[in-house]
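The structure under discussion appears below in the form of structure tokens.
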Amino acid sequence: MAVEPDLKIELGKQGVFVTTLNELYNWGRRNSVWPMQFGLACCAIEMIATTMARYDLARFGAEVFRPSPRQADLMIISGTVTKKMAPQVVRLYNQMAEPRYVIAMGACAISGGPFKQGYNVLKGIDRYIPVDVHIPGCPPRPEALIHAFMTLQKKIEAQPLTGEKRPRHLDADAQGEFPVPVPAAHDLQPPVNRLVWPLPAPTTASEAGENA
Amino acid sequence: MSTSAIRSYLPPVIEVDAENELLEVAMGPHHPSTHGVFRMDVALDGERVVRLKPVFGYLHRNHEKIAEKTTYLASMPYTDRLDYFCSMTNNWAYALAVEKLAGLEVPERAEYIRVITAELTRIQNHASAIGFLMQEMGASGTPLMYAFREREKILDLFEELSGSRMMCNYMRFGGCRVDLPEGWLDRVSRLVAELPRFVDEMEALLTGNEILMARAQGVGVLKPDLAVNAGVTGVMLRATGVNYDVRKVDHYGIYDRFAFRVPLGDHGDIYDRYMLRVLEMRESIRILEQALPQIPAGPILDPKSKPRGFRPKPGEAYGRIEAPKGELGFYLISDGSGNPYRYRVRPPSLINLTILEDMCLGQNVADVVLIFGSVDIVLGEVDR
Amino acid sequence: MKTAEELLSELQKALPGVQVSLVLNPSPSAQHALLVAAADALRVAFYLRDEAGYDYCSNATGVDWLDREVAEKVRTTRTVKKDVDGVEQEVEETIEQTVKRMESGYLEAVYHLYSMKMGPTDPHLPMVLRMRTENRTDRTELPSLTPVWRSAEFQEREIFDLYGIVFRGHRDLRRLLMWDEFEDHPMRRDYVDPDDYEYEPTPHDEVLKRAEAHRAAQGGAQ
Amino acid sequence: MLGEGILKGLAETAKNFAGSFVSEERLTTVEYPEQRLPQIENTRDFPFLVYDGEDPMAGLRCVSCQICEKECPPKCIYIVKSTDKKPDYVGKAQFYPTRFDIDISVCMSCQICVEVCPFDAIKMDTEFELSTSDRFGGLILDKHKLAKPNSYYQKIHPTEAAEVDGRLEEEKQKLEAKAKAAAEAAAAKAAADAAAKNAAVAPEGQA
């Protein structure tokens, strides 16, 4: 059973530390998130800057950038995902072992950003793989990446080990392989994975067709 | 036509024993050392490279198509994202082409600001390029850390000036967007005074290093006649000994007013390219030392230039500058409307890769990574 | 450095019979171009490289010129009988008519040449070389200039990819930027990009039209 | 001697390492989020809308001219113009945006909207801690989220804001002077008219 937060603080003051298996497990997970060494475009440079001396991502236990997807927990999609690159990104994601997380860094990764009207630019990687944290910005400052990192850590911390909201690696039925799109004559096929990317409700008048 | 003149410059064909089985390796598009999303399809005979085909387009973001659908000004922030290390020089090249197309004059103060920002850009680009090259050589961390430490200082200055660290969007047709903030010049002077110490430190760390020499000298040699014919520019070209620097040749901006030398290499190998980057940083510091005290007061923008409703008369223009990576050109065709009819970027990074195959053939596969790193490319510019 | 006019006369003298003409550029940049017929292009290019000193091809690119309607004023002179001062006389009269005709479009390859061995000269204008295809659809062949300037190698592949100009004599003409299965030539001005306008929270102009078209195509339900 | 260069390099690294214990300038790390870099005045991130006075919606400077929407390079601004008018800060009746959305998942922070705005209504914010796991709700800012008071603008960009305020004040005074002059002229005219009338009437009266 979980200990009441007040009691926990009180005990902590007296030198007694109480924790639950859940907390301990998530504490370990959130402080050793290893990102994949994977840069796409401009944002990758800010990602590198984040790991360098001034911002020092190592303070969050994430300095080990793994060159292989098999050893990484986190994929930072840092930059424009083009349609030519998208199958490779999905393939790399499929190769990562659970638990795996995705940060979409920058406008291009979230929605295609400034290049979204381009014929070869994917309008957001979340059309093919689930994204945990989005960072707006073009490119986001290194501090913004660290902020996103802390957001992700909070998310990991809040995950229960059992029940409906348990992380995917503890759920035997969770989807593991995501379909890799195939480059076709005019566009990627399929253009979107409906299981990951449900069409959102219209947000503006024109999208709802009100003042067309 | 004289028959002796017909010389073509094609990569050599490497002879392979018919019994040997070739190993085909696809390096990239996700590869730790490819500076982003670049792919090389390599065929290996043991350790030796016998065929190499670069594959592009993994970062093709349709910059040119988007620019042809939008106004002249709206393309300016997109140029920042071409070579995302050097947004200031990209801005300048584009502004220069538009100025040629529309016949705009740049006030003197703006010319000085352009030189100062461009040379700062060159320093941070070369420092980072050396850092990445060493990263690929296996010097994990240290040189790159040092380079980024200095880079952050320069980026701080850019942020103070333009508001953004990397994507400055600072120059305008016929000048610059805003005037210098108070005290900015003093802070640049202070940084410029510190920079020689940084270059010395970099040199103490690397120049005499035996490992660097062993791996870089005589590797990835490029011959001057091939370099010229293949349109290689920038450090890559000058490392072969060809004296061609657009700053000296084209007399653009106000580079004529400053005394600086164009460092030249002798062997055209990786070590020469490294050394040239160091020397160019020193020359950039010299230009900055001359430009900073001279900067005059005055306007920073041509009064004829306006942000909205900019429509140059029909015609075309090709403008180019010496960007840190080589000759960066913009080719614009105007049909008299608010959007360019044709907008073309001449990317130095892409054209410098033309001879990648020639340089790598016959070398060991481990050196391919190094040769590629010494070209100093940015994928945003290669694929656009 | 020679001007385009001087170079044109030099070319006509050195290579008799080549079809080269001058394309004037009215913008302040004054970068005039030489238009060379596809059949003579290689001869002219080799001459430019080896005799005229243009050893460096900086930029090679394509341009798409659509079919367009040209309105031309045509003056015709004819003799009409007219009543002048009460006397019928034959008078020459000039009538101006606006005649519309369709000019067929073409694809153009543009090369910007400089000289490295000549060193700094003032003004340092590029030598612009242009070639045109016969039309935009089926006769889009041009000779490749890669044998002359290796720097055109990737750029010609890019032109082939984005504009669809087929360069004869290119050693490795494949798509450069798009994937191999791709069929269109996206930089052409009449290219329509794929319909992925599912979620456009801030649409206007062109985007709005495409987003509405997309919604209609999806049955309007979504 | 072989290895001399390596030793020299190692000495350089050692110097840096040892130096970081004594020299302040060698400590480059800024421990975000506990420490922050000093705020640079010109920094820009995403646009926001400036309002004057107390009520964010009534005080918006934006008159819905839609220039920023047209000039925005990635087209991330969406404006619906009102059909009625409301008085702006000087009391002139102006249109206002019934809808003003900025999709910050597309915005490239280029500042062109700020440059082209003739009303000083849109400015750049410095807030960057916006990462969210809510893709569709968190990244579209509507006009309620975008509206920020002029005092906030003065706080983040003091120099620029002072200049803008000065200019607006000048314009306002000019307008007021003009209105005053117009009112005076009207009053004078009315007085003159009245005098003329009186003059016209007077002879009649006398007659």
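The letters A, B, C and D name the chains in turn, as written, and every chain counts its residues from 1.
In this section, a residue touches a chain if its C-beta (ideal position, glycine included) is under 8 Å from a C-beta of that chain, and two chains touch if they have at least 3 such contacts.
Computed from a prediction, not measured in an experiment: that's the story for all the values here.
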In terms of CA centres, which chain lies closest to the overall middle? B
Of the other chains, whose C-alpha centre is the longest way from the centre of subunit B? D
Counting C-beta pairs in contact, does C-D beat A-D or the other way around? A-D
What whole-Å value do you get for the distance between subunit C and subunit D if each is reduced to the mean of its CA atoms? 44
Roughly how far is subunit A from subunit B, centre to centre by C-alpha average, rounded to an integer in Å? 32
Approximately how many whole Å separate the CA-defined centres of subunit B and subunit D? 35
Multi-partner residues in subunit D (2 or more other chains touched) are 28, 73, 75, 78, 101, 103, 106, 108-109, 140
Could you list which residues of subunit A touch at least two other chains? 53-54, 84, 114-115, 117-120, 124, 138, 141, 200, 203-204, 206
Residues of subunit C touching at least two other chains: 177-179, 186, 201-203, 207
May I ask you to sort the chain touch graph into line, ring, star, complete or other? complete
Residues on subunit A engaged by subunit D in the complex (per definition of touch): 53-56, 59, 107, 110-117, 124, 126, 131-138, 140-144, 146-148, 150-151, 155, 200-201, 203-206, 211
Taking the complex as given, what residues does subunit D use to touch subunit A? 28-33, 36-37, 45-46, 73-75, 78, 80, 99, 101, 103-109, 128-136, 138-140
Contacts from subunit C onto subunit D in the complex sit at residues 201-205, 207
Subunit D residues touching subunit C - in the complex, by the definition given at the top: 69-70, 75-78, 101-103, 106, 140
Enumerate the contact residues on subunit C facing subunit A in the complex. 177-179, 181-184, 186, 191, 193-196, 198-203, 207-208, 211-212, 215, 220, 222
